[in-house]
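Two complexes follow with chain A in common, the first pairing it with chain B and the second with chain C.
Moving on to the complex of A and B:
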């Protein structure tokens, strides 16, 4: 696709959304049989699976911590998830995303409850269209809750950015590629704590604050969708 | 491998923070002593060694021919790599870069790339075939905390020190630098925000936020790290701190 002349026309984005509009979001909890907890998230064209194993015995044992559980996160993209085939295995980008994902989730866990154990979170991006790390965090939070891991709260995440001089919510691949700025944010909704923040591009101080407003608002909506997914998973079904 | 801090020291640092004090007597908005030396490495096109307190980072810049990326056939290429050398800390081990080294390199990369510090569009030679590649190699020599700020400052100083390759293919009058972004890392300890954490502070901090700003005060890159969190008010305060300190750090690039 060639770069369009304008990414926003008459206040509408290429896919017809308003600047503060989220792509269609679908969250499902408990989608994998073998995992202790799992979740599937679709955000626009993004399709992301997350699975949680544990708390379980930590291997290799020398990585055990005597006083707490270790949280291990692995973010990975399927070779067929992007336009040009991605070589399987970790690259520098996925190593960094795995690290910031772990740091985004860890604040809500009670790791001190499970010394010498590990909690594994596996995030697999099956189809990518910008915003995969935030979709992955949304899925991982639901999967952890589905696994019954004690949590202070869920974690909700979304990307905001700047496109054609306008602050927009939830960028698509085109907006990420040709826009000015991308800022993924993760929030612990009840306490309004920011646990992930990355940014590249250009923001003035005022734009930064405006972008944060947008992210906080959207995370409220994502939070509700996450909770709804968990409610549905554990609802008492009539006649079941 | 982790840095291990005794609980006595941990509590001491946290307690000091409550009283607006720090281990080495600095104020919350005070950097350690900074020195920038340029051009130490003759075999590099540009180089700089930055010391922030006892932390030492050496950056070498090499400029070589390379194939362009298919989506930008006329633009030069920027590559940033970081090595946490085993001689710099007992916790650094030989081998492939770990997640900390990768994060460091990618944060510095975004700081320079997203601010358009180097005018990469001018670094084409033969469209689609040959362009100039700028390799920025970060060599951490001594780790006493705040590697991000030291590395970003050293990278910027090394870029300002670049002498273009003496080749016919190089036709520009000078190396095209357009901006001077500066990274400032703010640490949160016991609910208090402070710049330039030393190693002990870094090891007990709940979280950090690194903010890169250009001359006009706008932000070009940010990265939160650590397993703690920031409130919105804390983030805005961190930005003000980073912006104010960036001007001071930029003085060292002259």
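Moving on to the complex of A and C:
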């Protein structure tokens, strides 16, 4: 695709959204039978699957922590998730995202309840359209709750950025590519605690504040969708 | 001040109550506020709050009766898989209740790898090392029966209120049913048909754990099979 002349026309973005509008969001919990917990998230064209195993016995044993459980995260993109085939396997980018995802989720878990064990989180990106790390975090939080892992709260995440001089929410691939700034944010909604904040590009102080406010508001909406997904998953069970 | 109804479905981080309550499993406190830590049903009884989990692994706790599978043996005992993140350790002396001269006696005659054992959790330390013991005549190696594995969080439903469901299973199903807190159940009976029926009933309990009137439906299903009906 060629770079369009303008990414925002008459206050509308390429896909017709307002600057502070999220892409359509769909969250489903408990989609995988063999995992202890799982979730599927669609955010616009993003399709992300998360699976949780554990707490279970930690192998290799020397990585066990005697007093707490270890959280292991793996973010991976399917070879067919992007336009040009992605070579499968961990690369510099996915290793980094795995690490920041783990650090975004770790603060809400009661790891001290399960000494010597491990909780594995696998995030598989099936289709990517910018903002997969935040979609992955949203999916992982729901999957962890679905697995029955005790948590202080869920974690909600969204990206904000600057495109054509306008602060926008939830960038698409085109906006990410030709925009000036991309900033993924993950928060613990109840305590308004930021657990992930990365930035690629530039913001002025005022722009940063505006972008962060936008992200916080969007996270509230995502948080509600996550809770709703969990309620729906278990309401069906109650009906028998 | 309570923010949810009794037996309402709650999700992690959801505010349940504010004030001085005694907290049980599945909840945590931040200041005066009490929150749920898991997806489950909030249960408020007297000054106590707990969340009945709908999902999760078995975590050993002292006094639980569990059903383990021997996965390894060592110098003075065995390691048992407990369907849990943690394995259990059973010493010979906690199995045979006497001093055992390990130099003279080969302990492999008591248990071998693959054996199924009913045991009690004697102790769990802060590192979650689990010690098991056999302290009742009905515990120990399981000679025969069918082993069923269900989700450990559904075990209270298999027992029922004051053991009512278990009593139905045993009386109507004409089987002996041994329930381990770790989600494993042994069904023992003379009649194959009834054993299979009880196994079916257990799987039904797991599927429909959060519906009411389940004990009656289980009774009906078993009675139908006893009287020659069913499949």
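FYI, the second predicted complex is superposed on the first by the 235 of 240 C-alpha atoms of A that agree within 3 Å, B and C clash if a C-alpha of one lies under 4 Å from a C-alpha of the other, contacts with A are read in each partner's own complex, and residues count from 1 in each chain.
One rule holds in what follows: a residue touches a chain if its C-beta (ideal position, glycine included) is under 8 Å from a C-beta of that chain, and two chains touch if they have at least 3 such contacts.
Keep in mind that this is a model prediction, so the values were computed, not measured.
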| item | value |
| --- | --- |
| Clash or fit (per the criteria above) of chain B with chain C on chain A | fit |
| Partner chain in contact with A:230 - chain B first, chain C second, else both or neither | second |
| Chain B versus chain C as contact partner of A:122, first or second or both or neither | neither |
| Partner chain(s) touched by A:37 [first = chain B, second = chain C, both, neither] | second |
| Partner chain in contact with A:107 - chain B first, chain C second, else both or neither | first |
| Touching partner for A:75 - first (chain B), second (chain C), both, neither | neither |
| Computed vertex angle (chain A) for partners chain B and chain C, CA, steps of 10° | 120 |
| Contacts of A:98 with chain B and chain C, given as first, second, both or neither | first |
| Partner chain in contact with A:205 - chain B first, chain C second, else both or neither | first |
| First (chain B), second (chain C), both or neither touched by A:53 | neither |
| Partner chain(s) touched by A:145 [first = chain B, second = chain C, both, neither] | second |
| Distance in angstrom between the closest Cα atoms of chain C and chain B, superposition on A | 17 |
| Of all residues in chain B, those that touch chain A in their complex | 99, 102-103, 105-106, 110, 113-115, 207, 209, 217-232, 235-236, 239, 243 |
| Residue numbers on chain A that touch chain B, as the complex places them | 92-93, 95-96, 98-100, 102-103, 106-107, 183, 188, 192-205, 208-209, 212, 216 |
| Of all residues in chain C, those that touch chain A in their complex | 9, 11-14, 26, 28, 35, 37-39, 53-57, 59, 85-87, 126-128, 153, 207-211 |
| Interface residues, chain A side, partner chain C - complex | 36-37, 54-57, 66-67, 108, 110, 113-117, 145-154, 189-190, 227, 230-231, 234-235, 237-240 |
